[in-house]
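Order of writing sets the chain letters: A, B, C and D. Residues in each chain are counted from 1.
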């Protein structure tokens, strides 16, 4: 057991801020890194110290293993937290940390390796008696054609080396299989440098439910209940909640036990997530995510367990100190991911510079945010800006608080997914808990399918006219209060310098 | 000040009236009805509080190209806005000459009277016609000094929004 | 039972914001009022609609019963929430609401009357078997002199009509009694229009511990555990926490039962607080506060119960629907009150206009704030600006989160109590839970008694020099980017308009 | 640019050096030691990030009267700051004549040597004494050209911060 005193955070945005805050509650000194455009980002301001990375492209910044190791040495760090994404599930990085005598806050390299090989991991999990979807191991094109009938259509082609929803193809019939295989193999090589593919049965309208687990290096494993993550776009989660409105108490218990069994089957250590597809009351394990999930706060709100603190303690070799029967869930939590994407224009990324931010607060609310005035939102990084999390004694209260919080929130400088989220949490089917992975597609029908709302049109027209009026008046404004104006300008300019 | 708002559904004319209703409050006439409207900055240069007809909402307005992207809580509209008076819209976009200006009905209503006849010289701001809608009368004025070339409507009949009432040749022949 | 649909909030600042947020989770339309300087305040922006009050002085604004009743009628409100302070404990206002057919969200007028008469309330509470401090009823000067020996020195002179720490005098010996009585009676007349005084035994170093209770109109009463509120200045609470580090499980249970008995003795209805002084393991009930307390969030964080929601339900006539054994406390919560007072200059009120605000966030944090750029902080209202609340699975985690959050927070425009709070939550005695009502006085010794910190001096000197350098450079700045400067100035000026 | 900072404890001289260390970073000399200091706005017109000697802290600076209220996380100091060069500080606040200036130890330490003797003429910037603390040596320089009137300390002994080492009469006898 080796205590962590100085932690280098090899990430950016809201998750870097989140990890810094966990450090504060453990007396650990948080150390940041930043690419040039992140120089004024909140994680840089909140850390004890921050080191620059050479350029913005991920390979040169938050994926730059060589530079991160140099900084860790120069900063006197004894551990590195990779957050999620970037290097979080990279076995080579975990091994490099270990070789340099640094604690990698996550599973050991061999566990990352095992979980990253989806086919092998699925075999191990199935062998432990956990239901998995019918599927194959890594297959050649010929083997795939032969096996497809047994797997059944519709089926998915997935990359063995894949993740994050990339390189996935749905195939409806045997006619489409050969061309889809060709396409998928090309994508797999391009994205992961690994041409291996496997097949898996595809469920048309499942729910995506996952279970948070914690496992220490001494063999103890507990689960912290499930998260429902069926609101997805392009295989990316957008809204998550816990508990899932789809589970009975019995199903919940069986799912939790299955998650622990799956984690044990892959020899899991640290915080992880076992993902399942739920098809009425049958569930199938699809993979083990060997990292802290974006959506971990809903579990924290419901269980009261600080998952990042748990990660750090486990990484330092401490025993879990938490028995399954000590994990008591209370109330309901929901998370909405606010991203820099324009929901009225096909969720295209919205790039720009954050001008100002208004974040919600109050009872039951938590906002994990990487937003700050002056921060560039660039093509280099993920569009996630902030996570709004609401807790309530009941699901209804949590959703009402969330709806009000989304109304309170505003971001100036880029378009965000806030309008989509406001729509979703008020949608009657969502409110009733009756939704599946196809839910988010209804936004497009809603936006494009309905006639223009006369009330909204009138409000928008008045606003547009007043905006023009205001601008017109400004143009002809006499140049009064010049000295004061200059002072203010200077102040604003000086603020610009720092951000 | 009158503004023509176009781009989503039927065109609208929004008139901002003087004097304002109070600090941070304006009087706005739309569809012939007058409202006391709250309008104040909410966030950055893009977000505004709009209070209107008993409801307060935050509106984001972002210029994009020639138009404005207007985002309400959930809805988004791509609009264009331009002053509707005293200068009438020039016909450049229609490829016409620049030598005439049109006086158009800013809203649908009853054309009460037309005060000019072809050939008449008018000063800038002279009353060209009077229109009535929602129990209110409004004068249509000459945007510039010039000569009336054509009168296309007569008093006592309904006109639609945007309908040309009269055509003027400004002094100097335009431009 | 009459459901509340439109709630007029007869208050301002953070508590008005808090009540608005409770409305959102209940589908109630929140309606605000505002004095002229509060026109741009957050509670005005967040409400569905807002009505102006004639002037800033409390008597003409948030105490203006006649105007509030007119607004309630005009706004179609069916209920009024008074928040705390102002009209919260005014029986005449509660009666006026009832007469106008409006639900007063708080105890009925007769309960307010009963709790307001501290002497009579104490007699009723003592009769119910709850320990109270030795004391008298309302006494003449002659009776006071006669009774003082029985009460024992040191003793307190308190105003029968008093509250909020006003008009209280400590008397150490019989020599000082006559002059103190004269002084106290004059103050009581001036402050409360009621010359009646009573005596009470004074404990030199007690802890202040209070118990939150909820009582419905149908006779059900539960308690939600205690809050420790011993960090006080001028009898005003500054930091509160729950649970109290001073209570054993047995003492906690007895205190809870005593609080319920006291509430029952005065016929209490709605949310209220029974205050006790704790002297090692003896406790004495001192009064029942017939309102929502400023510090209610710590109880909400620990119990998961939304107290404002409970107030609204009780006021609408709903049964409590919560049994004592259903109230489960989890973890630890602490609240720091951030006020516009200058802790380095005798906690003098700091008036001005809020220029900018930086509020903390993250896991376990809650900020109830009335702050917004452009808001005037005036002599008319209480200096409380915001409440920072931290929850943690343990007291240590809650305090570490609080310390980090106070470091994150900043307010530009007025001086605040943040430096005092940062000191307090790091103080070893406070960290150890070993403190009493004299704790806050140690700040003055700390500030004035220690030699100048060389490290702080050097940092301050460098900062002062850089500030002067920056200003100097700005002065000689060439007038570049003029157009852009003007645009920015115009924007700032337009922002000023709206706030 | 040199700044004299006075008001809390011993007087300090802080020199801001050219060129800056980088964007948002300055070079500052204080007590004879040079630091790479981060300085950037943090909030409003009052709060700044100060990064110095491996620590980042937020500092609030508010002008009050002639001085500055400087608030750190917990501490508060009331300081005065003024350009320190080329003009020496005048003794007006001590009510004395304006004809002498004192050279004081800016920090406690070992007085290594005194380089001047009474009656000696010195140029502006001439070394008056050398002081050592925290393993660093620092020269105390004459703030203006003049004549040494008095030497109050001798090399080889400890001096406290603010202790007068020598007294000069500036050329021209002061103002």
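Quick notes
Note that contacts are C-beta pairs under 8 Å (C-beta built on N, C-alpha and C of every residue); 3 or more make two chains touch, one makes a residue touch a chain.
Because the structure is a prediction, the values reported are computed rather than measured.
One copy, chain B, sits rotated relative to the other, chain D; on C-alpha atoms the angle is 175 degrees to the nearest 5.
The chain pair A-D and the chain pair C-D differ in C-beta contact count, and the higher one is C-D. The geometric centre of chain A is 52 Å away from that of chain D, both derived from CA atoms. Centroid to centroid, with C-alpha atoms defining each point, chain C and chain D lie 46 Å apart.
In whole angstrom, the spacing between the mean C-alpha positions of chain B and chain D is 67. Here the spacing of chain A and chain C, counted between their Cα centres, is 38 Å. For chain C, the set of residues that touch two or more other chains comprises 470, 494.
Contact of a single residue of chain D with at least two other chains is seen at positions 42, 45. Only residues 343-344, 355-358, 407, 410, 412-413, 415, 419, 422-423, 452-454, 456-470, 472 of chain C touch chain D when the two sit together in their complex.
Contacts from chain B toward chain C in the complex involve residues 23-24, 40-42, 45, 49, 54-56. Within the complex formed with chain D, the residues of chain A that make contact are 39-40, 45, 47-49, 491, 494-495, 497-499. Chain contact summary for the complex, chain D toward chain C: residues 1, 3, 5, 8-9, 12, 14, 16, 26, 28, 30-31, 35, 37, 39, 42-48, 50, 52, 57-62, 68, 70-77, 79, 81-83. For chain C in complex with chain A, the residues that touch the partner chain are 17-18, 21-22, 24-27, 46, 297, 300, 304-306, 308-309, 328, 330-331, 359, 361-369, 392-393, 397, 400-401, 403-404, 408, 470, 474, 477, 481, 485-486, 488-490, 492-494.
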